[in-house]
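Labels run A, B, C and D following the written order; every chain starts at residue 1.
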Amino acid sequence: MEDREKLPGTGRIEAFSDGVIAIIITIMILELKVPAESIARGSFAGVVRELGPNLFAYALSFVIVAIMLLNHHSIMRAAGHATNGLYWWNANLLFWMSLIPLATAGFGQAPGQPLAVALYGAVMFVCGISFTLLRRCASRLSPADRDLAGFNRRNDAKNALFAALYGLSVPLAYVSVVISIAIFVVVAMAYFLPSRLPDER
Amino acid sequence: MEDREKLPGTGRIEAFSDGVIAIIITIMILELKVPAESIARGSFAGVVRELGPNLFAYALSFVIVAIMLLNHHSIMRAAGHATNGLYWWNANLLFWMSLIPLATAGFGQAPGQPLAVALYGAVMFVCGISFTLLRRCASRLSPADRDLAGFNRRNDAKNALFAALYGLSVPLAYVSVVISIAIFVVVAMAYFLPSRLPDER
Amino acid sequence: MEDREKLPGTGRIEAFSDGVIAIIITIMILELKVPAESIARGSFAGVVRELGPNLFAYALSFVIVAIMLLNHHSIMRAAGHATNGLYWWNANLLFWMSLIPLATAGFGQAPGQPLAVALYGAVMFVCGISFTLLRRCASRLSPADRDLAGFNRRNDAKNALFAALYGLSVPLAYVSVVISIAIFVVVAMAYFLPSRLPDER
Amino acid sequence: MEDREKLPGTGRIEAFSDGVIAIIITIMILELKVPAESIARGSFAGVVRELGPNLFAYALSFVIVAIMLLNHHSIMRAAGHATNGLYWWNANLLFWMSLIPLATAGFGQAPGQPLAVALYGAVMFVCGISFTLLRRCASRLSPADRDLAGFNRRNDAKNALFAALYGLSVPLAYVSVVISIAIFVVVAMAYFLPSRLPDER
């Protein structure tokens, strides 16, 4: 017990990650500017027109970040304890995730512009890769649990597919932004398909 | 003990929610701009005039968010452990709550404009509905405790009433913004009526 | 043990307070604008002139908020467990503390303007009163510990004195802002005089 | 057990520090403005030109802050319990760290301007000194553990070297900003050389 207490837990990595992720959401909200003029004119249509695309981009990113947070929880539980390696793969992930607000704001301001959509897809793609790298590091820390290993393998396959789709969304934005946006929405939706953790059976 | 430790607790959901809720308050503070010109002129009346409506809107939202946080605590304690369902009903609530700063800023900038008041009421209404959905999910996770069940039923009724009042405030803002604002204040005040948790008797 | 676990601890109140207090510091940092022009000209004197008063106001508020956080820790430890009353006295305190960034920004922008200094003093005064009210509520929750009771009494006296000084700083700002600013500095410094918690002997 | 529970742990100091550190990262992200015009024109080169220096400064500071956070973890684990002294040395560190976003924004906006680079180096230098002071205070609180003492000694030497390099970067910026920037990058990279905590062998 004494020894385990001295072993660095994942507590502060999780707390720090939660902090950064909560902050990512904050910054996305800050990008939603009050449509002051439309409100002053009492124009509901104006509010929708001004706020609509930004609100759609925010809602999409909110769902994606919430999925990432859920994955983050399951990765940290799998890891069980902290090492320098885990810390830095996690920091790498948080760095790329911290660019999501920027990508979201760009996307919300110009949803029809291929460059804005491609940048959004690119950030999500790099986040997907970073998740895979973090998950691998975490799996190495807890190889004993067989159920979890199987779960991680299935999850790895799923994440690799989704990361590949995000990667595809970058060039496809220059074919049609609609295809790329459809990819974002479908990937986000796909996470709601049941995929329970072994200990939640 | 081992098993319970592996069971996902509500800890990180709570920590994340606290983070987002703290952030909601931050963003509301950020909307309170320093009335630099009135201060430079040394005009207290100017400070009050510039800051007054925004400060009122902030104080109202602060109380409402504090009530929501208190409810959130009691819901999470009732749930006891986390599931994917609880996570997503909670994420749904946080999404709508994250629009409170926007609604507050709109309301504070144009407290006499029906559209601003109606949007404020609409956001609170959707938050109320989201709370009911989260509470239902949490209750299902802990059906055994009879005292808590009774408490939850009473709370459900109260929340349904308050959500309905928020819903009414949306059309009523077009009759008179004063009625809607009165509803916001009365609902906030009503929460201070005693309604203790069973374990606080 | 089971029962104590069900008793609502002060954990989430503390976590939420820490969140809000950390955020107060954030917003104060956000008010420190990069003196872009002076940097572009390479003028160190310009950087000091532009940033100086704001940095002084920020440093002062940072120390005051850090003192408040330390007091908050000791109050929560004294309380031991949470009640609705404690929650709301704490929310009341956080509301007034959340106005510190606004008061700090006003003070930093116009340190020679009596109104700015008086508003700063007024916010600190109300925070002092709110602390006394929270401390009283917390003391009632743990009347058994005699050492702590003595400590709290001494602390109450000290806090009452400091709150009174903050109160005085409001009218005195109209005599001379220097007197009020001296009060702010002296009160902040006074907290560094030794006053250990009984369990830190 | 009872007694230890009453002894103030480092929990809230850590939680508060994590909050402030997470916030430092937030503010740095907020300084990354969406290059709206370049996106609207669909110019990738424009996005890179506008965002490039700021993104480089942000990435550098992100790595430095992540290293600081890791050091902070190990210092707090070494301290084991909280005292007023530890609290204030920690507050002193957080104050100087809270100026990192400002220094980063100045650096990102004018990476070729000696003053901007020197101010960045100066803030890092003072942070390095503050870390040494905090580490000394923490070491005094846990003199018994011999492994940790040796580890701390080695770390002290390393930190003193790095702080000295940051100190040198200030005057060197006026010789050539490239030298100072190289120092920043080298110091950040040097932390990735293996230096495990004794309990991670």
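Here are a few things to note about the model shown:
FYI, a contact is a pair of C-beta atoms (placed from the backbone, for glycine too) under 8 Å apart; a residue touches a chain by one contact, two chains touch by 3 or more.
For clarity, every value in this text was computed on a predicted model and none was experimentally measured.
At the interface between subunit C and subunit D, two copies of one sequence, fewer than half of the residue numbers in use are shared by both copies. The most distant chain from subunit C is A, comparing centres defined as mean Cα coordinates. Put simply, subunit A has to spin 90° for its C-alpha atoms to lie on subunit D, with the angle rounded to a multiple of 5. With each centre defined as the average position of its C-alpha atoms, the distance from subunit B to subunit C rounds to 25 Å. Spacing of subunit A relative to subunit C, judged by their CA centroids, is 36 angstrom. Among the residues of subunit A, those in touch with two or more other chains are 15, 19, 22-23, 26, 30.
Because contacts link each chain to exactly two others and close back on themselves, their graph is best described as a ring. On the side of subunit B, the complex with subunit A involves touching residues 6-8, 12, 15-16, 19-20, 22-24, 26-27, 30-31, 83-84, 87-88, 91, 94-95, 98-99, 101-102, 105-106, 109-110, 113-116, 119. Across the complex, subunit A meets subunit B through its residues 14-15, 18-19, 21-23, 25-26, 29-30, 32, 34-36, 39-40, 42-44, 47, 59, 62-63, 66, 69-70, 73, 77, 192, 196-197, 199-200.
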